[in-house]
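Okay, here's the structure, questions in a sec.
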């Protein structure tokens, strides 16, 4: 049983991970080559060996593509070198970002689902609001994020809330769209059944529409939770002076510390993947008995 | 067809009656009342008259038109006040009047919700106009500095005066970066999802890594992509590819899983191979999900391109325009660019929604409301 | 204590050492002020913050402040911290550039956000076209870092004497490989970090008094920072909540910034009218759509500086 | 094998049922479905009165409009013209009063609910306490021969079992008006006989009104007080056959062997034939 | 009303059919479904040989495993133990050779395809040219009485019509082995008789092999060469009744009136009763 799982799940991951690592090192060699050669040229080193070249390419101070071991050692150093609450510990920044992302996600889920319900249940909202919900998403966040931060800052909200609001702005949309679709996907015959019971809107919603919308909802939630992390990071850029993975990305970018950028990137990817995974876990827990269908 | 019994109107718009005794605003430090502003009083009378005459209308359309007149004259009043040099920001009467008018607008929208054909678009248009009016009234009424938020009228004025720039930006960002990035990104997400669905080994190995890679936020990728692919559209397209990949992947995978067991059994009983089953059964089943992904991506792609342009561009592009004009305090140009982005994005989305309606007319979500 | 909020133009770094030192050393407190320092960032526009009422005083560059003033937010300079411009164009010698006449046909990285006007008026003076289908020099909107030069995507990039230039050095370039053109020396320098507030605030004598105390304490902070650079760097690092700044880089930055605050005829914080006029004329001459179209009036005031001198 | 049919006994003048209350009154109901190519005329000028305690069977060729008629009565479709009155009110009002229990032609079970929770669904909606509804569900599942399958999910059941769950669900609801659309179509004869008996018992006990669609003539005759024979597109009522005149209200399986039974069956068959155009 | 059954004629020794080729050979097939609470024993030690040209009916109480047996033959379920050989190969190989035409108990139509395109689906998969498959679809739709409904979508059809589309789809495919799971369950008697006749004709003409599930004893006797009676959980074969011994291969509707017919029907009914536990 256990070895079976190992074979079917871990082996492929391991094989693919190895392949990706190999590609990565090759890529690092390739992308960093011009810099290395430039370095050799400027140092007038005419005779260099291939191993010397590789060693250099894999240990550039400002690599175009840092190697995984460079990133790993930077991360280990940051994670173990300082207490968790220290500003130089990456986990501290991850927690800051996760905090605003999750708050925003929570708000986004509530807003997204409420909007979807409104759109599905109230005809006026459907025809007049939906197009504007869509339009709202075509406004680039990065452009309005600073204004949101400034305006909310002046009303007296600073710190977590402006960031959460931007997260929410990004993640309510996939939820609304997915839920609208999902809530309308209930089987017409099942809807008729509810009608014959003269179930009220709420009962139809909880007993039929919501269960049939769940596959759509969870697909959207996975996208939304990833978007909420993006939102939190975007929101940390204008307030670049403060904490969070976005601030790390920004300052890394500003000071050309590629390795720092990449470790923040890896950390944010890990953060969203684990959040997506959590949603998947919830999905498995919530969506039961939905496999066969009729025969 | 429909049982057109018009639902009764809730009495809420009548809150505008409360406005009558309240002041309209301040002029030279003194409160202004209705008799001192005859033009506004006339608007008010028109609004009330529309409410009164509503009972005489026969069809929802005529009622909507009549009530809209009432809303329109309410919207006119703050501008009349401003033209007379009155500061309406502290005039409770003005705001109460406008509040009643917005409730009235809601009624108009409800009446228009049943429309079909081209008139279907009247509702959302009025809703949008209402939002813009509110924005105009608030920015002008409260004298919000234009470096914070310009009123829509000045944004509108900026569009023709900066038409050339806006068009160049559109070409650079949309035609070069977005189109290519979107096609490649959605295509790749789709193909990888199908492959992953086909080859479980690949799926189990690649999906976690794929998820990891595509979970990297745009703002983080953009500088890296600029580093790798240079300043021109290539780096923007790369950002879009990465951004759109994940939603497409997830949606395609979810869509491919929706075929019912009995439908799959049917295919099996025909000895239909993988390709046939995919083409004839699983893809049609997945279409609603595919469109879901395509629609979400259509908005993401535009955002991605604009965000990526914040991190270095040639001196053209919508992201470039927004970031530089913000710093130059030309907020009207910024919002004009945002408007172009919004119109483009909505058009893209609308096109996809139309295609969806055509291709998945069988889906319960379109079949029955 | 009187409350006062200061909005910086950029992230916490030695560029703003004076304010952090004044805060940490208690100079503000001693002056009876309770000062909040808000760090900035690439997309925080201090003028927006002050227009929305989120700050009492901002640190900004004069081109941006004047542009905002023309847009209807009446900002007034109440003190000029940086007397000299730190902006320069840094080029690779191996791209074949040793004087401004070599720019032709090359790609030049420029910061936009109002910083491009001095550049454009410089190019206009050199009679180079920067736009059109076949420009003499290709302009690139450069991001926040020096990669375009390191990766040879541009022949020259904009740098600050106190910051990006040293990033190039830290990245392994040698000073002899680089050719720099300081705006100050090219005669296109505009005024940088200065303190701005609104006309409305200045109309109130009480506020003027408060601002005077602030200016005085700030000047003291800068003076202290210039004299105790190592300590100032530590204070800056302690205030950096990103944990990304390095001591090495901040130490160099502190040294360079200290050079920029020198030279005020009447002491730190004095805006000399000649510098102001020069900045205005550069801004009004550059390019096809200049930042400011009208001669600004009352855009600076010595009231606060004078009041501070009398404290 | 059957003996030649005995002549039909002349209709006896039955004393009018003690103030028969009309439950369903359909008047000139016409229903046309609009489709992309051409309209489908599903019901044409259908008039029908159903009294309290009636057991009406609808029988007719496939696609003749039986389901459509039932759906119209249950306020799931709106007639194009004509009107229906249920219990003295509109179908909508009756529906809002929870007057209907509908067994659809397809089981329409919710795949995310276990068998038992599918049966308790309408009871939950009614707001019945948990313990009571569970008891009711178990009783009714037992009645349709599904004791022991409470915890299974619909896709783990055979076709006939799914259909029986759907029947149990409608019966557990105890509605005034029971609408059943081919409930026993997927069942073997023995189970079907068993459920037929159960149904007549229940119907006699509770004095409910039933409208029942079936394709089995024998079943129709056995169960009904009246049989409505319909003709195909546009669906019309061809014949209404009164069974109570000839058969007792309380019935056992062996009345199927009586000549009266065979006679009625023959009349139904003839009506059905009329509506068909097959020449074999 | 039926005359007392005549004694069963003693089984005559029939000359072995000219080298009867075995098409399906099920040997000791057992199938257990694993479910969350407890396993369901669906088939227990089922052995059955079906020859080319046979028409086998499966009959048995609801939930006894008929569908499961058919699905196992069609390689849609794997037996827990035992084996099945189809046409000398595994069910999988036979399936890949497109040997099966399966009419499921539910119609299983694709909602995004019109009626006609649902019928052409298997033909498309076979790679038949467009004109030919359209012709075939029209012919078969006509046969099941659905001419004129080609352009409609499945949800615009009545239950019985959907079922007929599904039958047309399987017949149009012209498979070697036709598996039909209660195909006529949702049809009225007249349509059913008509389709029964059509089916026997087709079967005689094409010499196909059919496996057929039905709940109608009469239908089973009328159509089959052999009737397999099954008992409920765990599904076992109770009895295999050879009809060809007593009835001619070519049949018309009136053989239903013969004593042989009634005799076989009675034997099937007895077998069915045995499997049941109802006491009414």
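First chain written, first letter: the chains are A, B, C, D and E, and each begins at residue 1.
What we mean here is this: a residue touches a chain if its C-beta (ideal position, glycine included) is under 8 Å from a C-beta of that chain, and two chains touch if they have at least 3 such contacts.
Note that this is a predicted model, so its numbers are computed, not measured.
Note on connectivity: the fewest steps through touching chains from chain C to chain D is 2. Where touching is counted per the definition, the chains common to chain A and chain E are B, D. Chains making contact with chain B as well as with chain C: A.
More C-beta pairs in contact connect the chains of A-B than those of the other pair, out of A-C and A-B. Taking each chain's centre as the mean of its C-alpha atoms, chain B lies 50 Å from chain D. With centres taken as mean Cα positions, chain E sits 87 Å from chain C. Between the Cα centres of chain A and chain D there is a gap of 55 Å.
Residue positions 106, 155-156, 158-159 of chain D each touch two or more of the other chains. Annotation for chain A: residues 64, 142, 146-147, 150-151, 187-188, 237, 253, 291-295 touch two or more other chains. Among all residues of chain C, those that touch two or more other chains are 43, 45, 48, 52, 143-145, 147, 151. Considering their complex, residues 8-9, 12-17, 20, 31, 64-65, 123-124, 126-132, 134-135, 137-144, 146-147, 150-151, 173-174, 177-178, 181, 184-188, 191, 215-216, 219-220, 222-223, 226, 229-230, 233-234, 237, 246, 249, 253, 261, 264-265, 268-273, 276, 291-295 of chain A touch chain B. Contact residues of chain A toward chain D in the complex are 187, 189-190, 192-199, 203, 207-208, 211, 214, 287-295.
On the chain E side of its complex with chain B, the touching residues are 71, 74-76, 95-102, 104, 106, 108, 110-113, 121-122, 124-126, 153, 155, 173, 179.
Those residues of chain E that touch chain D in the shared complex are 1-3, 33, 35-37, 40, 59-64, 66-68, 105-106, 145, 151-152, 156-161, 163-164, 181-182, 185-192, 194, 197, 215-217, 256-259, 261-262, 269, 272-273, 275-276, 278, 280. Residue ranges on chain B touching chain A, taken from their complex, read 106, 109-110, 112-115, 120, 123-124, 126-128, 131, 148-149, 201-206, 208-209, 211-221, 223-224, 227-228, 246-247, 250-251, 254, 258, 260-262, 265, 288-289, 292, 295-296, 299, 302-303, 306-307, 310-311, 318-319, 322-323, 326, 334, 338, 341-346, 349-350, 363-365, 367-369.
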